[in-house]
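Down below is the structure, laid out as structure tokens.
Order as written gives the chain letters A, B and C; numbering starts at 1 within each chain.
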């Protein structure tokens, strides 16, 4: 008989095999590892130049859209249940977590959170933004063009373009010089 | 001759074998990996339905007591030197750290922290609580029934039941609707 | 043809081999793993008694100088582009990140961050300091002798000696008793 978590999470042999594959992908080093992650993970779409370092893990990878020239450092985690879009030239530091779904705090209080439906909201990291080390992005957030999220910040609201946000929760701490032309390279 | 850290930490061949086993357990994927972690880690007690995802690590696992229907996401770390109790229906997100011991800041100041005794205080995560991604729980803390700790929070004081706590250090930011019956499923 | 990230990051076969070696070192358990990490990583200098737990990763390890009796817990990440000095008796908890380089926020705004030069500033963790779990240290920071950085803190400014700093960003929250003799063991 199946354990209850297995029933709740829709466990199957295919689930198990996928999980072993994802662990193997996470552990394969270097450029070869990145090439395998990029090609085998089954992302929704991606540009030709995406680098994903070791330790990467994604749930619902088919709902992730990567632009071009995206770099993701070691140990990042994306839950794309609500959809995650990462535009061109985005930089993602080590240990970054992006969540686009959550448990339903407003649901039936007689049910434990694990038995309620998920709440899903899309995340968008716009062109040229940088999420520094150990940042956490919460569901529904847009990080604007060329914005910077400082290390360790937890982002629960949108970050405007060309703004540095920091803290838990993240707030704007500085504006970045506007260029005559926005990022064009 | 032994390195000093080895003497301080009581290194032995049994220590080394245990550490290799824990690394192997941490790296085994999927439902099989969870089943092995649950059965081989030597927890103090546990209900029949506990899921522990990959990357899990525990110190003093014999001092951890798990209830039933507990789910632990990837990459969590529990130091149970002071005892850690996790009740039924608790949800633990990825990258959560639970510490029940600390170095002694008030000890003999002529000794480095590494040579002072540990200070140990039990941690209790009550029924139905949710620790979201990257939360850190500090020694002595109780997280109340159906409480929610927001992503990235560092919890240094108790969180009351049916309360959402957030920030570093975590403070209460919202109360959750009380149900006529508390979680009963 | 090389992918653009490969050109930008100076990819070569030697780069790839080094990366595979670092992954293998990160995954080797226990005292044996620590001994291999300490000896094979190519650190700038180190005392005879350094313990480095599993999951460790360093960029520019030749720019890291370790004192003696240093202990580093699981899953730590050091980017030593700007130089990182860690003195005797420093304790580093699990999941700690130390960065001594950053992207240049004040550079040519018509270039994406990934194409600008890095900004490098040295980091110094002084004798007897403790960085608790999941701390992030930013470029240019000095953590003073016997100082304590609380779990989850993000340190963007110097922490004075014998001071407990906490929060995001970290601020001083308490002074520690001064000993007649500073740490002498």
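Heads up, the rule we're going with is that contacts are C-beta pairs under 8 Å (C-beta built on N, C-alpha and C of every residue); 3 or more make two chains touch, one makes a residue touch a chain.
Remember, it's a predicted structure, so these values are computed and weren't measured experimentally.
Undergrad: Would you mind reporting the rotation angle for the C-alpha fit of subunit B onto subunit C, rounded to the nearest 5 degrees?
TA: 120
Undergrad: At the subunit A/subunit C interface, shared numbers over all numbers used: above half (same) or below half (different)?
TA: Mostly different residues: under half of the interface numbers shared.
Undergrad: Distance from the CA centroid of subunit A to that of subunit C, rounded to the nearest Å?
TA: Their C-alpha centroids are separated by 24 Å.
Undergrad: Can you list every residue of subunit B that touches 2 or more other chains, as numbers and ranges?
TA: Residues 27, 95, 134, 152, 168 of subunit B touch two or more partner chains.
Undergrad: Touching subunit B in the complex: which residues of subunit C?
TA: 27, 29-32, 48-51, 54, 69, 71, 74-75, 89, 91, 94-95, 128, 130, 132-134, 146, 148, 150-153, 164, 166-168, 176-181, 183-185
Undergrad: Can you name the residues of subunit B that touch subunit C in the complex?
TA: Subunit B residues touching subunit C: 3-6, 9, 11, 15-16, 19-20, 22-24, 27, 57, 77, 95, 97, 99, 102-103, 105-106, 108-115, 134, 136, 138, 152, 154, 156, 168-169.
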